[in-house]
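Both complexes below contain chain A, partnered by chain B and then by chain C.
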Partner chain A sequence: MTDSFQREHRSLWQGVLGFNVLTAIVLGIVGFFVGAWIGGKIAVGHDYLIGTDQNDVGMFMGYLFGTLGWLAGLGFLNYPLSRMAGRPPSLRHHEFGGVGRYFRLCTDHKVVGIQYFFGVGIFFFIGGLNAMLMRTELLRPTEHPFSAGQYLSLVGLHGTMMIMMTSAFIVGPFANFLLPLMIGARRLAFPRIEALTFWLTPLAGLVLMSAIARNGFPTGWTGYAPLADEARAGMDAYIFAFILIGTSLTLLGLNLLTTVLTMRAPGLTWSRLPIFVWGVASTAILMALAAPVLVAAMLMGLMDRAANTGYYIASIGGSPYLYENLFWFFGHPEVYILALPGFGIVLEILPVFARKPLWAYRLAVAGMLGVALLSFMVWQHHLFVSGMNASLRPFYMLTTELISIPTGFIFLNAMGTLWRGRIRFTVPMLFALAFFFNFLIGGLSGIFLSDVPSDVTTHGSYFVMAHFHYTIMGGLVFAFFAATYYWLPKMLGFTLHEGLAKIHFWLMFVFFNLTFFPLFAAGFVGMPRRVSTYAPGLQPLNDFVSASAYVLGFSMLIFLANLVYSLVFARVPAPDNPWESKSIEWQLPTPVPVLDFDRIPVFNTTPYEYGVEDAPPVASLEPSPVPVGS
Partner chain B sequence: MSEVRGQRIPRHGVRILVVWAVLSAIAIPLVLLVLGPHLPPGRMSNEASAQTDANARLTALLTPILLLILVFLAYAVVSFRQEGSAIQDGPPMRGHNGVELTWLLVTATIVVALAVWGSYTLVRSSPGAGGGQGPSAAFTPSGSSQAVPIQVIGQQWAWSYRYPTYGGFETRDLRLPVNTLVAFHVTSLDVTHSFWAYRLGVKADAVPGVDNIAFVKARDVGSFTIRCAELCGLWHGHMFGTGHVVPAADFRSWASQQQTTQQPFSKYLGPYSRTYFPLPLHRAG
Partner chain C sequence: MEVHAPADATEPAEVFERNMAVGARIAAAAVAFFFIAFLFAFFYLRALDSNGKWNQHGLDPGQAWGLPIFLCVVGSVGLFAAAVWSLRRDAALWRPGSFAALGLGLAAVVLQSVQYTQLAFGPADGGYASVFVGWTGLYAVFMLGVLYWLETQVAQTLREGDAALPLIRPSAEALRVVWFVLGLVGLVAYILLYLVR
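Entry: the complex of A and B
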């Protein structure tokens, strides 16, 4: 198969000087200072504050102009400007081969997927490092290595890194890379927007980390007003980073949804769609509908801080409840933005390694869409003791518990698929099975939180913390690693070391449970979340958890070592289809050619025809005779 | 279908169900009788008792569900393995209407039963269940109009209490009478806190500008820990204290005495109010 797409190659200095991430950083910093200066001029009535970090107008203008500089530096303005200048449209305008394309605007969905993998991965590791430091703080009940303020900064950064920055932890790398392959398209519907959604993500991470230089923010990832109104300039970074992420999620959701709706190859009916694509599509619905609400909530918070409005300030007619409602209207779908692609991943992987078709396909689809729909009707369960209209509580208790039904479908799919299967315990399969173990505990513990009388005990305690770590870390992160070990050989072209991967799995699985299961007990005996000082009697339990957490953190280093070893040193080329999967992406050569398919494939059947005699291949990759494309 | 030729197919389903039934029969009594009495928050008040019952019944009900899936997963991992190194395909089963429908009906029944049970506790058997219900409580225990009001004021980073029926004196010392319905009026002077009287079974957010009411009727005399359950800034973790449930006569004499001794200071306090509007935060530009 030849590369029908010609790539331009340039010398090193041309590569460094062009539109790339270095230029973006330089222009972003220049933009920040220009914006901060303009902001200082606007807030002229408060010029006593110019030069301090208390000028929120300066901060926000700085971040806004910094964003423009970042995007201009990456070359996002080139295309619109050249179109305005009357030049003809071209999709892959100035695209280069080699490693350089990972550091610049690239509209190849496979490049964007790998950019997401490493980009979001960096923030995942920063968030994990924060967690290690937090567990160090909690080794002793009262004497601490970090101050209370530093500890709160760690809490805030850990939460935002892990929930805000990794919102696209699965969708970013795997949907961008695999979705066009799985549906037989060569790209997403809007490739330039696809590149934009990625490049907003590291920018949001940099903005968020700039909060460290301004003493962080004290609100945790939830950013409740009025604590956020009172906080110092680190809060501006939180607000602006969330605006950037919200924008990125909205665009990504719309892009993926449009792609699934309009760009499926011939023969790919709704009932033949790989289940991962259904998972991504239901996630995309959530992204497109929930993330704009977040952006609106953040813009109001921005106005409260910078323009003395009072949306969230009770004493001048606003209400903290407005923020809580808007935030959780986004916040609860957000946890399903994290979880649903995980469902898709594990259900995609189980049939391959049980060598059976996905059992009860339509229930899986119904389960995912049902979770997506219901997740918009449950947000007040975060506010059961807030003092909002209490007569609504039975309703939110019911809707929250109803989510167990579609989630239960996913478990039934898994059980039916394993039933009388021929299970191979490969690393992806181990992670997928562990997903169900963890998510079972996470989901059942959620029932306590959905029950109002029980929630009065557990709300705001470590029980909640253990619950959502079981669902997000035990669910999302385990699914992420299942997907990584399953698809990374296809994506990068190299085989990962299996022995290291198994050590990683067992350490991570055992010590994940040893870390978080005891925290249910900590919550039950009355330890609130986000505290650095706790009852002395809880020290043995906390020390045990910290020790387990260190081993859990160490297991991540094994993964990192495996990645470096396999990609840099061993470089064992991956076979085209190491798992003997019947799904279409494994029928393509490794690495996947630039244009994915020579011709748009024609789908014949589902990707799960295991054990079916005379089953046709999932798709004809060389359909004759009409060449498609151009 | 690729059956095992010449052999009866092992009755996997029966085995799984038997193991599950035996384990559940052992585990459910253990949960109810051994773990149940230790579940939080205890029985210091009617509301705490309702929460303990809720926690116990949920644990008991969720135990067989947990066991069913775990037993299935364990059985699958042991029995449904690939034999040898050659890749074989399993039987191509795509679903079973009866199983799917049964699963749907069973889960739906459990879920609706849980919601009904929880709502019954919240609305009828323990109205409000000790949670904050906002300014106009929807679920009121009987005799709520005669409840002793105690105002809880959260501020960074301390709790204080005002007793409006005793002249509105303010103290850092929380005392409430036993066997008497008490209405906590929780509010805040600055940011959102959450008043958590752990053993008493009360949790109510302290929100500026909101009078968040939580009812509680203590059963036992004793003390309980108070913490803040909503992140409120730098010293959130240090915002704790101890409250006391005392005999009703002791409470009345203590409160009257406080009212007298605090008189010289109380007149400098702002008048008692359901909420307090602090001055807006003045921020730059």
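Entry: the complex of A and C
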């Protein structure tokens, strides 16, 4: 294949001095201080600031100008300004080759996918370090390395970082890289928006981490009012980071959904769409519609803190319940923003390693769309013990329990696909199978929380904490690693060391369960979340959990070591199709050419025709020219 | 009138046109959901009336401001829709329609900004005051976004003349959808914030 889209190369100094992440950091910092200064000037004379040691106007203006500086440094403002001057539109940014393109604005969807993988991965790792510190704090019931406030900040930073980053951690790398390939397109619908969605994500991580310099925030990841209204300046970082992430998620959803709707190659009917693409499409619906509500909720909180409005302040006509409703209207779909691409990943992987077609394809699609639809109707189960109108409880209990039906479809698909399959226990397959084991425990424990009587007794305890770690970490992080081991050879062009990968899997699987399963018991006996002290009788249990957590953390280091070893030292080039997959991305050469396809392919069948005699190839990659959209 | 795609597109122009059309509808849905949060806040806080402070003193931002702002928005949306309609035919109305739509939209933002300096209440004067300031303020920000998009089309028309119209049309059609939905949000805001309160 040839690259009809040629990249230029330039010297090192040209690369360093241009629009790139270094310039972005410098301009972002300058922008922050300029904004903070302007904000300070704006706020002078406002009575509510007298006697306080913070200036929320200055903080928010600082973050706003810092964001503008960051984007300007990356070159994101060049195109909008040229459009203002009347220059014609373009789809591609002027791009350069080499490693440098990973550190600047790049509109190649494959580069953006890899940027997501590493860029978001750093913050994911930081979130994991926070968890290690939390478990260190919990080694003793009353003697603590951290103060109660510091511990609360650690909990908040860990939760927020993980939720924010895992939102992007699965969809970001794999959907951006793979979705165009899987539907026979050469790009996402809006490549500049694609690049923007990535570069907002590490900025959100940096803004969130800046809360550390302001003594953190006391609310945990949910940021409930009225505590959020009263908290010190670290809360401003939380609010602004969520605004950035919400904006990024909205734009990413818009871009992915548009791409699936409009850019499918000829022959790729809805019933031939790869199941991962269905997972991404249903996720994209949630991102495009739920994330704007999060941004609005955060902006209301921002105005409460900086403009003296009273959305969440009961004493001046507002209500903290307004925040809880708006937050969870986003927050519960958010769970499925994490889950649905995970479903897509594991269902994509199972047929490859079971050497059987995906069982009940349409049921899987119905399950994903059903989950997406129902996820908008369950949010008040988070408010069961918040003093909500009791007559509303049965409805939300019912809708929450209903959602287990479409989720169950995914399990049926998996069992049907594995049944009498010729299973290959490769590393991606191990992670995919572990996904179902863990997610089952997470799902079953969720029934207790959707049920009002049992939720009343377990709410706010470690039972809840164990439940959502089983779904999010046990499910989705395992799906992420399944996808990583499966697709990374195609994405990066080298093979990961299998022995280290298997050690990583077994350590992670065993010690994940040893870490979180005992916490169900801790929750049942009443150990509360977010509190650093606990009953002395629970110390042996907590020490066991902490020790398991350290090994779980160590397993991540093995993954990192494998990545570095395989990328830098061993570097075994990946074959084009190491898994003998029938999916179209594996029929392309490794590394994938810049424009993906010489010609737009024509699809012949589904990518799951394993064991089907005389099945045609999934697509004709060198077809006679056919107009796209015909 | 036929449509063109950007020079560096590798697909037929129809794909670009479809992307813009579908993307605009999803963007419009996202905008609607954003303002649904404020709609929810309006009814929720009004119904709760915490401490009797939803609108304790009968605050009224004044029709003298609200009606002109609303009419500017409606005029801008209507004129732009007419301009886009003409783009599909002979494009006779494109220039006057889009220029006037831009002018009226900017007038709405300016009037909104001036209104804040004349308001008899501040954001801390109850639930209604909070919702009023937040909703109208963010609505103005969204309007600025739409007007930026409109300005790029006007500027391209001025710079390249009628030759640019086949390239502008998909973008203009997309903007029409978003601007129409934002206009509907303006209608709801006007009814609730100025009439119902």
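Everything below uses one rule, namely that the second predicted complex is superposed on the first by the 608 of 630 C-alpha atoms of A that agree within 3 Å, B and C clash if a C-alpha of one lies under 4 Å from a C-alpha of the other, contacts with A are read in each partner's own complex, and residues count from 1 in each chain.
The rule is short, and it goes like this: a contact is a pair of C-beta atoms (placed from the backbone, for glycine too) under 8 Å apart; a residue touches a chain by one contact, two chains touch by 3 or more.
Fair warning: this is a prediction, and the values are worked out from it, not measured in the lab.
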{"item": "First, second, both or neither for A:309, with chain B first and chain C second", "value": "second"}
{"item": "Contact breadth on chain A, by residue count: chain C or chain B", "value": "B"}
{"item": "Partner chain(s) touched by A:326 [first = chain B, second = chain C, both, neither]", "value": "second"}
{"item": "Partner chain(s) touched by A:567 [first = chain B, second = chain C, both, neither]", "value": "neither"}
{"item": "Contacts of A:500 with chain B and chain C, given as first, second, both or neither", "value": "neither"}
{"item": "Which of chain B and chain C A:190 touches, first, second, both or neither", "value": "second"}
{"item": "Partner chain in contact with A:30 - chain B first, chain C second, else both or neither", "value": "neither"}
{"item": "Partner chain(s) touched by A:369 [first = chain B, second = chain C, both, neither]", "value": "neither"}
{"item": "Contacts of A:492 with chain B and chain C, given as first, second, both or neither", "value": "neither"}
{"item": "Chain B/chain C common contact set on chain A", "value": "307-308, 310, 314-316, 319, 321"}
{"item": "Chain A - residues contacting chain B, complex", "value": "39, 42-43, 45-46, 49, 54-58, 148-149, 152, 155, 218-220, 222, 224, 226-227, 229-230, 305-308, 310, 313-316, 319-321, 354-363, 384-391, 393-394, 397-398, 401-402, 404-405, 408-409, 411-412, 415-416, 418-425, 433, 436-437, 440-441, 444, 447-448, 450-457, 459-461, 524-526, 528-535, 580, 609-612"}
{"item": "List of chain C residues in touch with chain A within their complex", "value": "6-12, 14-15, 18-19, 22-23, 26-27, 29-31, 33-38, 40-41, 44-45, 48-51, 53-56, 122-131, 133-134, 138, 148, 151-152, 155-160, 164, 167, 171"}
{"item": "Of all residues in chain A, those that touch chain C in their complex", "value": "4-5, 80, 83-92, 186-187, 189-190, 250, 253-255, 257-259, 261-263, 288-293, 295-297, 299-300, 303-304, 307-311, 314-319, 321-322, 325-326, 329, 595, 600, 627-629"}
{"item": "Of all residues in chain B, those that touch chain A in their complex", "value": "2, 12, 39-41, 47, 50-51, 53-55, 58, 62, 65-66, 69-70, 72-73, 76-77, 80-83, 87-96, 99-100, 103-104, 107-108, 110-112, 114-115, 118-119, 121-123, 126, 128-135, 137-139, 186, 190-192, 194, 196, 198, 201-205, 207-210, 212-214, 225, 227-238, 277-281, 283-285"}
